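In what follows, structures are represented as structure tokens.
Two complexes come next, and they have one chain in common, chain A, joined by chain B in the first and chain C in the second.
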Partner chain A sequence: MLEKKKLINGNETKTWLIAPFKSFPPVTWVVLAIFIIFSVTSSGFFTVNNMISIVRQGSFLWMLATAATIVLLSEALDLSLGSIMTFSGVVAALMLKSGFSAPLALIGGILVGVISGTITGFMVSKLKMPSFIASLGMLSVVGGLALALAKANQVLVTDATFLFLGGGDILGIPMPIFIALAVFIFTYFMLNHTAFGRYIIAIGGNQAGARLSGLDVEKFRWLVFVFSGTVAAIAGVVLIGRLQTADPIVGMRWEFDAVAASILGGTSTKKGKGGITGTIIGVLLIVVMRNGLNIFSFPALNITSVPAVWQTFVVGSAILIAIVFDILVRNRGKIS
Partner chain B sequence: MSDALLLRAEGICKQFPGVQALDEVNFDLRAGEVHVLLGENGAGKSTLMKILAGAYQPDSGKIFMNGNEIAFHTPRQAQLAGIAIIYQEFNLVPYMNVAQNIFLGRFPKRYGLFLDHKKMQADAKKLLKSLYLDLDTTAFTFSLGTGQQQMVEVAKALSVESRVLIMDEPTASLTETEIEHLFMIIRELKKRGIGVIYISHRLQEVHEIGDRVTVLRDGKLIGTKDVKDVEIPDLVKMMVGRNVDKMFERTYQPRGEEALRVENLGCGKKLKDVCMTLHCGEIVGLAGLVGAGRTELAHAIFGVDPVDSGKVFVFGKEVYPSSPAQMVQAGVSLLPEDRKNQGLCLILPTSENMVMASLKKLFPKFMVNNRKEKTVVMDYIQDLRIATPSPKRIVQFLSGGTQQKVVLAKWLCTEAKIFIFDEPTRGIDVGAKAEIHGFMNELVKNGAAVLMISSELPEVLGMSDRIYVMREGQIIKELSCEEATQEKIIGFAMGGDSAQRDTSPVFGKEVTHA
Partner chain C sequence: MNVIAQTVKKVRLNIDIRMLNSLSRVLILVMLSLGMSLLSPVFLTSRNIVNIITTASIPAILAIAQTIVILTANIDLSIGSIFAIAGVTTGVLLKGGNIPAPYAVLAGLAMGASLGFINGLLVAVIKLPPFIATYGVSFTAYGLASGILKGYVIYGFPDAFRFIGNGKFYGIPMAIILAGIVIFLMWLLLTRTTFGRRVFALGANAEAARMSGIDTKGVLILVYVLSGFIAAFAGVVQIARINAADVELGTTLLQPTIAAVVIGGTSMYGGEGGVWGTVVGALTMGIIQNALILLGVPTLWQQFILGLFIIVAVLADQAVRRLTGRRSN
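Up next is the complex of A and B:
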């Protein structure tokens, strides 16, 4: 609870990033409401252990959503993030299995993400393909490659380094949270304090104008995808340590969650509006819902849990409703 | 028949923010005549036309059709009343065939549900035949040439029982034979008693096709004449007849080294064999009508659009303009006409817009140092007297003149030496205008070179050391500031009889300087 308060305040004081909205995204209230509902209805929800578990689950989506936000800010879309995450994990796991050392497997896993992002970026910036199509194609190609390399089986991960990165903790705080936080801080710094960050926003806000200002628009649009691929790969190699196995379909639907979290967090698909701080709210919404549904019970209506097969449907609908709510609030008074 | 008034507009006024687009304009149209509407860029022709077609509502004034007062609130109402308009930009759906385009929105139907393709094709054929047009009604419109597309537009306009046809520069992109064909159709329409309002920039067409001619200038009606009573020089005089006010302060200095030389630049149909030079310490004006290729030339030099042929030299060194990034590096800058969409990133603060082009220069290590950025930005805010409450102010909320100063500051940060201003003072209030002119003067005084595209003749005459006049993608004439007059420029720009085309190569001709 405390952490969320801080985030909200952080949003309010972060001036230019989300200046067009002047405040935190409207769905913050939805997150709070869901939080309270789950706290009241499910006794196991508002506990220290469950809170840590929420944040740990959320850290992977947080990384992907941060990458998705950067791409959205440049007025493009990356739908291949989930697949790249899967692919990197599978490659790292297979490398470990065939005797490579942990550092090499880490580097190898991340490198395939860099390469995937480079290919998507090439198609988008040099071949002028719509990013939606290019990344959707990469979703199939990379996802398919992961499935083929793993022979559709899960690959066990037993390496101590990987298990520590994914499942270990320091002072009770899980490692994935530190890694996600590091990704966030790096991205935040890149976005706000480097020329590259300025260029991303400028290109997203006005691509023609950025070109006429002498920016190498092609190069920076390309780099954006390299960046997002890299971040997805980092999430991938950490995830296999957390799950202790590389599952070749683990990333399915994550691309939607990542983009949804960005949009819910106030990043617009047009004009480079938004920022990665708001994305945290979007990530929380999705993660809290997934977690809450697992342990949801409502004795008054004789509901003890939401059946697992219905969870995807419920979460998907809820995200969509939240986006509709969000857009209605934002467009208040704009629709004639 | 020919004296019956079809359409009459009385005392039409229309104001846009900052400009009186139309001021007490009267206009009428008889059945079976071609009424030519003339005027410089921004004289109010398009506004008047759009009011007649229902796209704009006048602030005051009355419109009568066949003697009855009418008021259109939507283009559709005007269409139903029998007023059709053909815009310069065609409104055809490329992947629909000719017949479908003609009847778009009014498809004949069977049982009120299914499209009656047979009837549509038959109707379209009948309509085209009545106009002596030979077009395949099943062809997709994207496969047609410009001239044929124009014919489809005419057919579309006449497929609803129109009495009035408004044409905005219909011949702008047609070839000679296509123009002949169009005129033939217009004559046929006249026979049917249809009144045609014809907007053109080609003066010689006035006598070819027109019956009467009306000249507008700065939103005011200058006069309506029978075509047989006027000569082209009279029309030119009516169009310009303005005094150059003395608001332009220029200090002249001897011109320095050559900053920019363009040789035989060609770019498709837009630019043909353009040669020009620009020296340090001078302002060169680029005059011409909208669509004459001035912005295209600026874009070609700045590397925005790839060129087909020709060479560009910057300070004596040949540069192939492949991208704006490269030209910026060479010291060239462009202040675009559409500064909101092309010059600025509206959602970003003033400061970030100002340093956007020079981040690499200011911060070679890629880290943005906020304190250094602020110092640079504050310097320019003071030097250029940029009226912003804070450097963090979002550019969107600044006035037009202030925005232009931000664009200028952006290029000053890059230490550019060559400045291309495209319509530097369009949409800017008088005070800021004078300031912008002052900065241009300051720039050349400090040894920079300025190329200025402007549609405002007084600005061109008042600011330039030399003037190039462009028409149809070519530089038609070079004038020194002493010999240039509004009449001469308009003459060359419109290609009227008063100005013989200067066929000698313009390039290399030295114009001595005061």
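Up next is the complex of A and C:
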């Protein structure tokens, strides 16, 4: 074992020092740095209330990013996550509005997500479409359906169950956090302790090899999309309770944040490397950045806040820079 | 003798299959037109036809930008946003300062080319997956446009500038002429130059291209710069045509361009296809959008239908490839 470590690192003494940090993706340091900067510059940042608010905002992205990671692990890409989230929310809200009970609306909302995921998965696995094209098509189909069903208007949500799921709390901790945590634990268990999880990683690592060893690769590639559609739908029905309205364009650009969070968290688009634990760091980076920009102030430079119109630009370029930084750090040893 | 005969036969069969593949794309266009002329009496009027071609010409320019990227087996998801930021840049300079129109146009084009350059760097040098890199650049460009405009729409440009989008030259709308020029130049570039052959080589087999001494990184960066430049050109013509620039200028344009490229027979796996196919694809998309309006489909449903159409187009393309025995995976 020691011999092996020596071979890999070429430096034995440092190994034990770095080892505990090896499992963190490089951007962990970026997250810490941003955290400290915001804490220093903005008095409203490092407060209990704001921390809870960050985690609450983050829990939706966390769910989507967990789904995106599973898809990436199987060496595919799901760009329809944000649209499925929107669509499920709109369907649930419309069902509530037309008199269905809360449990039925919940089931209905989640079911359309399952169906959307099933369709994407079918196109990718059985019809052999490249996954980003299939899911890009579904992004329009599902997003367009949400827009058309809601007639481009917001649908108010007043049902108590939904409002509790999205906006309520237990012991001061907001409900979305519990739901996201449940999704995370379930996915973690599925990925690490079931045959399905191992198959996903096997397919992502070496699809041809998995096929040759007798695995029904197409079935599992299909199931991955059913899973991601389901998770996006759960996020969708919780989100409408939090916002107290179903907005037919609320999920725009979320698919990018979700995939970016997975990549920042160390999941590679090739070879089934990575995992959903690292994704948490990626989610934190994006959410802390968005939250911090809202209350960012820097009196010395006469900056009191970052205008909303500039936030897309700042966050977009920051994510790109972080991804580049991440890749450069990871490849440092390999290029030379 | 026998061997030669067999080879000749093989070559001829190959040509036939290639012809069949191309013909099937044109056939779809013809059948769509026939179907529409039965459904709507307005469709086959010369006014409507000119309208379709004029409306399709700017998306066609964008689709050409997408074609060169897809030929290298990559993708550019940022062309919609580059289209918008170029329009916004030119628009703001035209309205805001005393900057002559040609310089404002150049600034818009430069903006597009530099964003394309960033795309190229991220994909070719940093080796990010193309959809991640270009999606990221897309949001950054969109954010830049919304930061510059601060939520406003700018409108009312000088007439001399508006001519490039709105004017007519010997009775032909300028948009069609400009699209024709872009198409012709790109066709020349792709089929008559070394660079064009390298683009195809890179798309067919990147590793082989690299091994045979092609500077694949350089070619790929140049391809993205070109794509950004052409998309920016389309954006500048668009604001001249509609006499306004806003952030959402390119929001709905990305997916139709991918559909146009696929319908036109350029393979998503690279190295196969070309400019003329994309022209057929862009016209097909133009007819479909025209049909949606003529048949009175509510605007609300159009995004849904376009999405369905992308999926159907890719599926049909794969079916055609399978039938004509060309590689699909």
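Just so we're on the same page, the second predicted complex is superposed on the first by the 312 of 336 C-alpha atoms of A that agree within 3 Å, B and C clash if a C-alpha of one lies under 4 Å from a C-alpha of the other, contacts with A are read in each partner's own complex, and residues count from 1 in each chain.
What we mean here is this: contacts are C-beta pairs under 8 Å (C-beta built on N, C-alpha and C of every residue); 3 or more make two chains touch, one makes a residue touch a chain.
Keep in mind that what you see is a predicted model, and the values were worked out from it rather than measured.
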| item | value |
| --- | --- |
| Touching partner for A:273 - first (chain B), second (chain C), both, neither | first |
| Chain B versus chain C as contact partner of A:152, first or second or both or neither | second |
| Chain C versus chain B, contacts on chain A by residue | C |
| Touching partner for A:259 - first (chain B), second (chain C), both, neither | second |
| Partner chain in contact with A:202 - chain B first, chain C second, else both or neither | first |
| Chain B versus chain C as contact partner of A:226, first or second or both or neither | neither |
| First (chain B), second (chain C), both or neither touched by A:212 | first |
| Overlapping contact positions on chain A, where the chain C interface meets the chain B interface | none |
| Chain A to chain C touching residues, read off their complex | 77, 79, 123, 127-130, 132-134, 136-145, 147-148, 151-152, 253, 256, 259-260, 263, 269, 307, 309-317, 319-320, 323-324, 327-328 |
| List of chain A residues in touch with chain B within their complex | 15-16, 19-20, 193-199, 201-202, 205-206, 208-216, 271-273 |
| Chain A-touching residues of chain B, taken from the complex the two chains share | 302, 304, 323-325, 327-329, 334, 336, 341-349, 352, 356-357, 359-360, 363, 366-368, 370, 392, 394, 410, 414 |
| Residue numbers on chain C that touch chain A, as the complex places them | 75, 122, 126-129, 131-133, 135-137, 139-140, 142-144, 146-147, 149-151, 255, 258, 262, 268, 298, 300-308, 310-311, 314-315, 318, 328-329 |
